[in-house]
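First up is the structure itself, then whatever we jot down about it.
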Amino acid sequence: MASFDGPKFKMTDGTYVQTKSINVGSSTDISPYLSLLREDSISNSNRAVIFDVNWETETKPSKWSLSSVKLSTRSLCLFLKLPNPFHDNLKDLYRFFASKFVTFVGVQIEEDLNLLRENHGVVIRNVIEVGKLAAKTRGTLLLEYLGTRELAHRVLWSDLSRLDSIESKWEERGFEERLEAAAIEGWLIFNVWDQLSE
Amino acid sequence: MASFDGPKFKMTDGTYVQTKSINVGSSTDISPYLSLLREDSISNSNRAVIFDVNWETETKPSKWSLSSVKLSTRSLCLFLKLPNPFHDNLKDLYRFFASKFVTFVGVQIEEDLNLLRENHGVVIRNVIEVGKLAAKTRGTLLLEYLGTRELAHRVLWSDLSRLDSIESKWEERGFEERLEAAAIEGWLIFNVWDQLSE
Amino acid sequence: MASFDGPKFKMTDGTYVQTKSINVGSSTDISPYLSLLREDSISNSNRAVIFDVNWETETKPSKWSLSSVKLSTRSLCLFLKLPNPFHDNLKDLYRFFASKFVTFVGVQIEEDLNLLRENHGVVIRNVIEVGKLAAKTRGTLLLEYLGTRELAHRVLWSDLSRLDSIESKWEERGFEERLEAAAIEGWLIFNVWDQLSE
Amino acid sequence: MASFDGPKFKMTDGTYVQTKSINVGSSTDISPYLSLLREDSISNSNRAVIFDVNWETETKPSKWSLSSVKLSTRSLCLFLKLPNPFHDNLKDLYRFFASKFVTFVGVQIEEDLNLLRENHGVVIRNVIEVGKLAAKTRGTLLLEYLGTRELAHRVLWSDLSRLDSIESKWEERGFEERLEAAAIEGWLIFNVWDQLSE
Amino acid sequence: MASFDGPKFKMTDGTYVQTKSINVGSSTDISPYLSLLREDSISNSNRAVIFDVNWETETKPSKWSLSSVKLSTRSLCLFLKLPNPFHDNLKDLYRFFASKFVTFVGVQIEEDLNLLRENHGVVIRNVIEVGKLAAKTRGTLLLEYLGTRELAHRVLWSDLSRLDSIESKWEERGFEERLEAAAIEGWLIFNVWDQLSE
Amino acid sequence: MASFDGPKFKMTDGTYVQTKSINVGSSTDISPYLSLLREDSISNSNRAVIFDVNWETETKPSKWSLSSVKLSTRSLCLFLKLPNPFHDNLKDLYRFFASKFVTFVGVQIEEDLNLLRENHGVVIRNVIEVGKLAAKTRGTLLLEYLGTRELAHRVLWSDLSRLDSIESKWEERGFEERLEAAAIEGWLIFNVWDQLSE
């Protein structure tokens, strides 16, 4: 049965985030993991799924293609390494992104949304740029322009030393530490969203 | 004679929503059902019809085509499963959407309106994104970015446990439970609109 | 001599609207009727002409073509059923719409203006979406999103039962009742405009 | 020597507007008249030239071409009937419109500016929609949407019966009366601009 | 050595503007003059360069090409008459416009910026429409829509009779008087900018 | 090992900026320098990287290509002279710009962002125009339109004589002085950002 059986990381408030990293092949069935995320999002939160994406470029002038996707809820973090080109089984991901059951929450995603639509036809119907919302609800213009770390710093004031420590020496980090940074970032934005939507 | 003779679901205020689900074939005449919806909308409400749509993708890079349409009034809910490609009898649906007799009300429909126009040439002349209206009239920015469930939660404060229960385990639900969730969502947005337009 | 010799309908304030319905053929001269409308608009009102249009679709993916036009002043209502394709005599209608002598007033016309320009090259140089104006001048956001009936209801508070009665059973109505509904809608928007422009 | 030797019309304040109407042929030199307009605009006013244009359509789907141009200052009104297609001597008109010495002032010109650029490559670098300015400076939203007559009515409160009388029976009017209406409209907008720019 | 050795004009405050007019040929080196302008802008002002452009049209439908450029600082005014087509030595002008060392200041330049980019690939990275700035900082909406003379009139209240005298009889003026008008206009806008940026 | 071993310049507050200038060839590995920048940005500041770009044009109508890039943190300044056409090793730069770990901060970069995307496919996902932010947070409209020097002048009030002295005689300066100006400009904007983000 599908489960988030990857490394488990302790956050600064003492809770844990369970992770799962999948190297998506042509026969990988990712739908059970997406279902677990949806269930956790509906049961334990404001129906939010935090997402982030990475891109790779291969040609000149450069054309970007989606290389990985990270999806987080309060206590889960799924990291999908995507094949190039995509396999048919990625339609489950397409349908997940198009769903209106949950709200997809991201930071500095304007370019990502354009690239997702133009390069891959991915449509996210219910999506929010959390920095813009923070800027408006807090009346602090600057929040719109910050990355994940700075945004979390100014909204949550939590301890970010572990994240800084991993990201400042990124090239020297192994896969598990990078996964931990991803889990921390997802958890931070989940908490930013949680505070803003109260 | 046409009638909404599908399952009847009890809402949290004790009223019932009568449903009809139609698998639209090349000779199905949907116009009597659309007429009943319009009549109910004109007689029993503010001339609003709540709508939602679903999409299916089949090719890479993905091209989305409309796979189903849900139309709700105060006490009716019509679910149309659409063929691919469309038959000529769907012109009745095109004309219904283009009508100015009623206002079409939806949640997070910006992408849907684009896809309807670009992929199918469907024009909805009198349409409103209810979350934007809620955000402005209530002065609560967040409302613009929420999905159906969260929007209803913050405007109506009604009991949403039945909806959560169905949607959190979506893959395990049968057709009738899914239809019930559709009817509940339509009924919720009808009530959100009703409150906002008072 | 041209005259509005169709049915005459009594409005709720006791005044009458004189109608004329024309099935435009290749040799029909519509210019005398347009002149009478302009004269009535200049003599008896704020130089406003209320307009509405209907569309028909024939192909897949659908391409819409203008099938009828309704033009109203305080006491006149002209209904033009248009041929497909258009004849040369419709240039009179093109010139009428392009004129700056009067202001063309409509409800939920954004899509109509796009289709008129893109599909037919019709340009309306002096045009106003009356719902937007109502929303701004009254400070009631909702007014921007309503159809004719609801807009009139909230601005004029007049008796709309006759209109509701015709439109709720639209399919069962004959041509004269449909013409009466058109005349009532034109008269309502004329009065909405009249109130707003005071 | 070039002079405005056409009919001279008395305005409601007792002043006169001198007119000149020119049927522009391939050898007509319009530049002396444009110079006189510029000189009058610089010497006697706020460097404003009031302009209006007319369009003719000949094909289906319709393509509009500029058929006449009206240019007014405080006391002059030039009416140019343009050939189709244009002759080379119209470059003087192109340069006049592109000049930054004067501000071109018009009513409901958004569509006109689009058509001028797209269909003829005419660029007006210093241009203002006077209704928008009136709406903002007076705080009366409605002013943005009115035609010449209604705008003048609400800003100047002058007697408009002569204009109404000519325009309500437009088809029955001869050329001189139509020229008088053009002169009155130009003079009215000149005075609207003059009041707003004080 | 390059110097501004053209006519020297006295402004209304007693200072002088030194001019240089260059008919740019294929071997003309304009870079020393551009360097002098930059140096003067950096040493004697807020790093502003006032610019204006002229266009010529040759074909139907008209295509505009840049025919001359005027660049002004506090005490210098450079007038470049450009060849058609451009020579390679104009790359110096391209680089000058693309520089971020100075701010390019103009009046009613929106159309000019479009034409520069579309017709010539000229990019001005640091540019400001001074009328818009004046309108906002002074709270006087009208300032956005004025030409150079009227804008200067309302911001500076200086004596503009010399400028009016030259421009009202433009066709009768020789080259030196036209150059004087150009120098005056540049000097006026320099002073408008200087006041606004205090 | 990679290090910023170019000239070291003293800023007006007594701190030093260490520079590195690289002429990027086909086998140059720029990634260690980008890593050092990221580390410095994460460890010593608000995760900001100040950037500026230069363009070169070679054809008519002109097509711009990126010729150099400058990247600054609090104490480092990297100057990359780029080859034309680009080599594969520049993908490291593409990935650096696409990263969300840091915020890219620039002055008057709107045109640059357009050209980067259109001409090179470079995507900067987390980017801010610092002048716009300054204008809004300080309530001083003018700040949006200034170049680096003037913006720094009005936000920091520091001594800019060294920068002015280099830039006013730009053509006569050698490479090291130009590099010093680049380092000063980067340091100034770093401090502007630092003040604004407090």
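In this document, chain identifiers A, B, C, D, E and F correspond to the written order of the chains, with residue numbering beginning at 1 in each.
The working rule: a residue touches a chain if its C-beta (ideal position, glycine included) is under 8 Å from a C-beta of that chain, and two chains touch if they have at least 3 such contacts.
Please read these numbers as outputs of a predicted model, since none were measured by experiment.
Fewest steps needed to get from subunit C to subunit F, stepping only to touching chains, is 3. Taking the definition of touch as given, a chain qualifies here only if it contacts subunit D and subunit E alike; none does.
Touch-path distance (fewest steps) from subunit E to subunit F is 1. Of all chains, the one whose Cα centroid sits at the greatest distance from that of subunit F is C. When the CA atoms of subunit B are superposed on those of subunit F, the rotation angle is 120 degrees to the nearest 5.
Under half of the residue numbers found at the subunit A and subunit B interface occur in both copies, marking it as a different-residue contact. Among the other chains, the CA centroid farthest from that of subunit D is the one of A.
Each chain gets a centre from the mean of its Cα atoms; for subunit C and subunit D, those two points are 29 Å apart. Contacts with at least two other chains are made by no residue of subunit D. Viewed as a network of touching protein chains, the structure reduces to one closed ring of chains, two contacts apiece.
Residue ranges of subunit C in contact with subunit D, taken from their complex: 31, 35, 38-39, 42-43, 46-47, 85-86, 88, 91, 94-95, 98, 100-103, 119-126, 128, 133, 136-137, 196-197. Here subunit D touches subunit C in the complex through residues 52, 55, 57, 60-64, 107-108, 110-112, 115, 141-142, 145-150, 164, 167-171, going by the rule given at the top.
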